[in-house]
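Letters are used for the chains, namely A, B, C, D, E and F, taken in the order the chains are written, and counting of residues starts over at 1 for each.
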Amino acid sequence: MELFNRYCFIGCEKSFEESDVIIFGAPFDGTCSFRPGSRFAPNKIRIDSYGLETYSPYLDRDLLDRKIHDAGDIDLIFGNKYAVLDTIKEYAQHIMNHQKKPLMIGGEHLVTLPVVSALFEKHPDLVLLHFDAHTDLRGDYMGEELSHATVIKQIWDFLGDGRIYQFGIRSGLKEEFYWAEKEGHTFMNKYGYDRLDEAVQKIKDKPVYVTIDLDILDPSIFPGTGTPEPGGITFKDMLDILQKLDGLNIVGADVVELAPDYDPTGVSTAVASKILRELMLIL
Amino acid sequence: MELFNRYCFIGCEKSFEESDVIIFGAPFDGTCSFRPGSRFAPNKIRIDSYGLETYSPYLDRDLLDRKIHDAGDIDLIFGNKYAVLDTIKEYAQHIMNHQKKPLMIGGEHLVTLPVVSALFEKHPDLVLLHFDAHTDLRGDYMGEELSHATVIKQIWDFLGDGRIYQFGIRSGLKEEFYWAEKEGHTFMNKYGYDRLDEAVQKIKDKPVYVTIDLDILDPSIFPGTGTPEPGGITFKDMLDILQKLDGLNIVGADVVELAPDYDPTGVSTAVASKILRELMLIL
Amino acid sequence: MELFNRYCFIGCEKSFEESDVIIFGAPFDGTCSFRPGSRFAPNKIRIDSYGLETYSPYLDRDLLDRKIHDAGDIDLIFGNKYAVLDTIKEYAQHIMNHQKKPLMIGGEHLVTLPVVSALFEKHPDLVLLHFDAHTDLRGDYMGEELSHATVIKQIWDFLGDGRIYQFGIRSGLKEEFYWAEKEGHTFMNKYGYDRLDEAVQKIKDKPVYVTIDLDILDPSIFPGTGTPEPGGITFKDMLDILQKLDGLNIVGADVVELAPDYDPTGVSTAVASKILRELMLIL
Amino acid sequence: MELFNRYCFIGCEKSFEESDVIIFGAPFDGTCSFRPGSRFAPNKIRIDSYGLETYSPYLDRDLLDRKIHDAGDIDLIFGNKYAVLDTIKEYAQHIMNHQKKPLMIGGEHLVTLPVVSALFEKHPDLVLLHFDAHTDLRGDYMGEELSHATVIKQIWDFLGDGRIYQFGIRSGLKEEFYWAEKEGHTFMNKYGYDRLDEAVQKIKDKPVYVTIDLDILDPSIFPGTGTPEPGGITFKDMLDILQKLDGLNIVGADVVELAPDYDPTGVSTAVASKILRELMLIL
Amino acid sequence: MELFNRYCFIGCEKSFEESDVIIFGAPFDGTCSFRPGSRFAPNKIRIDSYGLETYSPYLDRDLLDRKIHDAGDIDLIFGNKYAVLDTIKEYAQHIMNHQKKPLMIGGEHLVTLPVVSALFEKHPDLVLLHFDAHTDLRGDYMGEELSHATVIKQIWDFLGDGRIYQFGIRSGLKEEFYWAEKEGHTFMNKYGYDRLDEAVQKIKDKPVYVTIDLDILDPSIFPGTGTPEPGGITFKDMLDILQKLDGLNIVGADVVELAPDYDPTGVSTAVASKILRELMLIL
Amino acid sequence: MELFNRYCFIGCEKSFEESDVIIFGAPFDGTCSFRPGSRFAPNKIRIDSYGLETYSPYLDRDLLDRKIHDAGDIDLIFGNKYAVLDTIKEYAQHIMNHQKKPLMIGGEHLVTLPVVSALFEKHPDLVLLHFDAHTDLRGDYMGEELSHATVIKQIWDFLGDGRIYQFGIRSGLKEEFYWAEKEGHTFMNKYGYDRLDEAVQKIKDKPVYVTIDLDILDPSIFPGTGTPEPGGITFKDMLDILQKLDGLNIVGADVVELAPDYDPTGVSTAVASKILRELMLIL
């Protein structure tokens, strides 16, 4: 007699071996400066994914027809971010060594760094699609170089110019915007994604990593995050973005910065879950 | 000396006898599979309706000029859905026997079934306008035929093809969409209501029942519901819908699936209350 | 490379086969008349059990030294309580057929009925220790015989007089108290547990089932329940009770009526988890 | 066919005429200096009273055997406390003119003033039993003489020395304690109620008004109040107090300072409701 | 060694003397009839402003380049609105006497009256830009002339016809709309701000006071307010409005009706903070 | 004209220079493994301290008669605990260099380490009074030596045997209890404080540091903490403890582990504030 465990994302019950995509959680929020709590995101997303259907009418595809394994969470050490980043990188390499794609659920945005770093070793022409309300381009934050406010700058350090595409950005230091826009180190699409088609055109032959800081969404639909920034895109915009990405050579992706306890309605978690479903269906 | 009791919807203090429209609550949520709590909706709506005005600038009409009686709630037995449905049907018949229109506040969506069933006995050419995020067209849900996931299919069983118009739908099984769209058993307008004018045109001479599952609204404005489904319509869309319905021969209506405790801000209840006010003003 | 999944109660990671005690969830709350939500208890308890240690200084015992398997949740059908009760009974029988003890996490109190019923078939001299704020002795509730307000009366129907011991009771109909106290159908210890030693003495040679309706606790320490009843026992009282039960021949047990969403502080879940830990350590 | 309205306190459905006790709400919190919201108490208490039974096992009495009418709420004008106090006094007089006893649900503590004032006109030898965490004995509060921090001093202005008995007090200005204790203007029992028997003895032949500021309770069991003051009495203490008052000539009473929205668990409202039930059963 | 105090709005740490703009809080909500709590707004805004950057990419301006002093809150007496209004007026005059501009954080909308009154004494040709969901044009509210429902009518009493421009209005009595629209006492732009350009054109040579009742925003993005009114403008609309006001001769402004405790997500406070930042950058 | 800023603890408005006791916040929670958020404690305590009086009837003393300065918060770098500990130690030394006593508001318990370390340099015979639910005696936590689970062990590394007195402890590893109790490295009073008189007797001639991890309190009165552990002491117990400490040579103290956002009622913050007030009055 078999019991029912809602302990993986809905429809992702295939084994590691038979799957093409491996979902895993990175429940770390140790450098968050304002409101912590993204550590609670992966488990909450799994449980609430059962409020979704596995079928997407938008894409007319069904998770049940996919080969996806939900591997659970990495066990992370609070108070030692270096060890955290090493462990995440090691697990991303483990996935790639088995010819599978990593799909990570954060945690804060800093967890993107080790996965992109691991993918870059395999794909030296990797490009990064970065969706966020924030620039994340600081050189340091209060003297620290590793933080969710510096993560994209850290990635630029090895990817270099012309490889990072940023969308939805509406908050940062004057210096960060200057560095990105005036000095041209990144492709910066402020506020929305009106230049996404142009970007897709440029990168359509490259391996792509997609990092979605969910605070790109307007806090009306996504209040459950550490630094809510009014003036963001709608959920329908996000569906539109994901449909535009369909067909790209996406070699890895993540969804970060859900802090579910800040949203007692549960809507932020439902939003993150539905974005994850759509993302899985275009991988 | 008279005291003040905020125990009916604002402006609905006329007696049963002198009224044309009878509001009543059906506080049942016994088949809800994800998050229960719509049982608390009717009382919360009444209390918070006092944050509204009785006057609608949209319609330039005032509840005080209408003849509406708020009858309170039906006393329902949790754990016996058959008895619940019978009791609701009996009360709906009682209202119709007095030549008045029923306006029900749910409760979960299953409570629509007995009211439509009662109206169908009187109006064999009844058509159903169904606003919802969900198809509600399952044949059964885990073996049960009576559930808020099957309610519209249950109604189709007696209304038949060509009588059900669905708007805002964005979630369901692949099979449900196939049955509705490909097999054509219902008029299915996915995501929005761009084909509402067409529908209104078709049904303008028929008796119409309007069922509004409030989860058709985007969870940004309506988080307080059992199964929040991102990507819905706005409140202004809903006002627009109601104005398009003005002039139809509406013989009954309901507003269901508010679960107020999931929204500590109270906004979901305010939204439900204002939709009810506008709905009363077009009945 | 192994990942970490917090999907069973802390320290209960042994297999079904090697274990003596089988924990399982029965996430049903379909007859709850006031505030539903105990369906969410089992998963919340598992996740939050990681705020506990496996070691109990009270008992100087450690879960890691026990053989306990957390089997997950039974998949239940909302809207059909008969099917729910059958499924639970079947799973309890499955456990007993393997010579193991069932330890159930509710759900509402009605889920106790099928487990006691299954155990009674094997242990005809079974006695019931019932900890609760409420009598749960109604003959019917609004015409329904199966409800969390009638569950102990339903059990009495087959156990009979002299087999049910009730503690902490402080709410019920006048008729229920009369039936229990004046007519003497149960051993009724109102408000507290000052006669527990006497009861333990009487039943020390019998197979015992322990059902803990957590609302026996004062709502100051356990607000997260459907019907909070002020004037209950303290958490230290509950520890004291469990120590008094140590040494009895307990053949099964349950912990019911946690409705975690009503307590945003998470304390109610922490309380339930710690009681479960202590309970496991005396099984 | 009759519907069910949970718009009066459970078991208080008799008419004004046939009743001995009249419950009414005074939903005013306009002078609250810290956290407002007691205006929402009366309605919340009524709705949640349905989680109680009408029978008290403590007193072995049942509300159904009493003659109590719940009259609803007085309609009050925010921003004009003078008008508020006048309206309350007028309604209290209306009750007394019909030879009935007033039982008021606050609102903030200032609402006690007009009711005691009305009763004093009829009972010149009235004594006041005052249960509270706070002295409420300020001469003025920021220049204002009428406030929930001055209410007992305002009553002393007409009752005078030797007529006010205070219990549970644990917060106030040094000057207030000096005035009460050293100058002896009131009978001051700090922290608890160990001198209640003595007080009951002294006043057993007098008409008594009982005012219960619910913040006398420890915030562990009663967090939902404007100024939570740790170190209070338990709920069982409160039951004990009410039993000691049984037999006194109580001519009126009130229960004030529940601010239900500050307690999302609903326990504070359950506590207030149960105290009201017990209070009704000794009137 | 210096410590860090987050006790003024981010970037507003200049002294009173060296500043051009003086921010102050008026934490009064004493006439609020539905849900109080705007008294908590100023402090919450200051603390949460540290989730913002000082730089606005929309305006390409930085608070650090401005001369703004955050003076803290006025100490107000609950229960005496006359004294409250006098104290606010006195402080506004103090600011103007030093040739600085007042920027007030409410509190409820009534606090606008004394500031406009003070400015009118200096600028007899003052015009008022009023952003709100509500007309605020009642002659009295339950007999009281001073209330947040009458504040604009009170201001009209001295400003007179043709000086008040209202935007976003979607709730009021039929009589209020008639008075404003049909009798033409104000420039009334219902629902949105499509006539703002026209208004800006008319007033571009006048001294302007801007009062923003934040409930003009849709409750999806601003639920934390006393009377949430669905159907409002978006946050991007508000950014657009502020950019249209850039260049006007704004002599004072306020932002009122945030009740932060009603929004546990903190988004409403983030919205108010960001609007304040943009407003400061156009003063 | 002076405005009112509630930005220091009530009654602690004296200058650094004239004060004997310096309060400061250390808003760090970077090693918290379960629920973070103690970073928000210092500011919340200051704001809510205005719900208290400055006078303590328990001690018959008034904060207004004391010389206490609230210095604000140390500005800490999330993601670098070494820098955090250095900065705190430096500020503690700064206070001691001016012959004043530090009174720190955490943050998590790790912040105690640098303050005790600084005091130990001046007072080599320092003893530590440790109030906590948890042993905090781990050698390492997941490989890390610096964490709130290891802090007392870290302090023992320099204080050594016989210098640490622990009270209220009810959770830890079997090994930690063995190390403390069986090996005798600390004075361990499990569950309560029945041996506090004995301890006070032993240390009455020594310089004493008092660290209060507020989770020693039962979660019924203090739910707002990272790891709530049922079975703790009451608030009255804590008052009793503080009175027993009165007269000791306390050279520094702290109050840690309030995570205010987990308790929406605000009671946990009120409790922390009142404990701080009483603690100040015995320093």
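The rule is simple: contacts are C-beta pairs under 8 Å (C-beta built on N, C-alpha and C of every residue); 3 or more make two chains touch, one makes a residue touch a chain.
All of these numbers come straight from a predicted model, not from anything done at the bench.
K.L.:
Identify the chains adjacent to both chain E and chain F in the sense defined at the top.
P.N.:
A, D
K.L.:
Once chain B is fitted to chain C on CA atoms, what angle does the rotation have, in steps of 5 degrees?
P.N.:
180
K.L.:
Could the interface between the copies chain A and chain B be described as same, meaning over half of its residue numbers are common to both, or is it different?
P.N.:
different
K.L.:
Compute the distance, rounded to whole Å, between the mean C-alpha positions of chain D and chain E.
P.N.:
39
K.L.:
Measuring from the mean C-alpha position of chain C to the mean C-alpha position of chain E, what distance in angstrom results?
P.N.:
So the centre of chain C lies 55 Å away from the centre of chain E.
K.L.:
Where the CA atoms of chain D average out and where those of chain F average out, how many Å apart are those spots?
P.N.:
Chain centroid spacing, chain D to chain F, equals 38 Å.
K.L.:
Do you know which chain C residues sit against two or more other chains?
P.N.:
Where chain C meets two or more other chains at a single residue, that happens at 75, 218, 220-221, 264.
K.L.:
Mind listing each pair of touching chains for me?
P.N.:
Contacting pairs: A-B, A-C, A-E, A-F, B-C, B-D, B-E, C-D, C-F, D-E, D-F, E-F.
K.L.:
So in the complex, which bits of chain D are touching chain F?
P.N.:
Residue positions touching the partner: 34-35, 169-174, 177, 190, 218-221, 223-224, 227-231, 262-264.
K.L.:
Spell out the part of chain B that touches chain D in their complex, as residue ranges.
P.N.:
Those residues of chain B that touch chain D are 1, 3-7, 24, 43, 47, 71-75, 90-91, 94, 264.
K.L.:
For the complex, which residues does chain B have touching chain C?
P.N.:
29-33, 36-37, 39, 75, 77-81, 83, 141-144, 146-147
K.L.:
Would you mind writing out the residues of chain B in touch with chain E in their complex?
P.N.:
Going by the criterion above, the answer is residues 50-53, 55, 57-58, 60, 62, 218, 220-221, 235-236, 239, 264-267, 270-271, 274.
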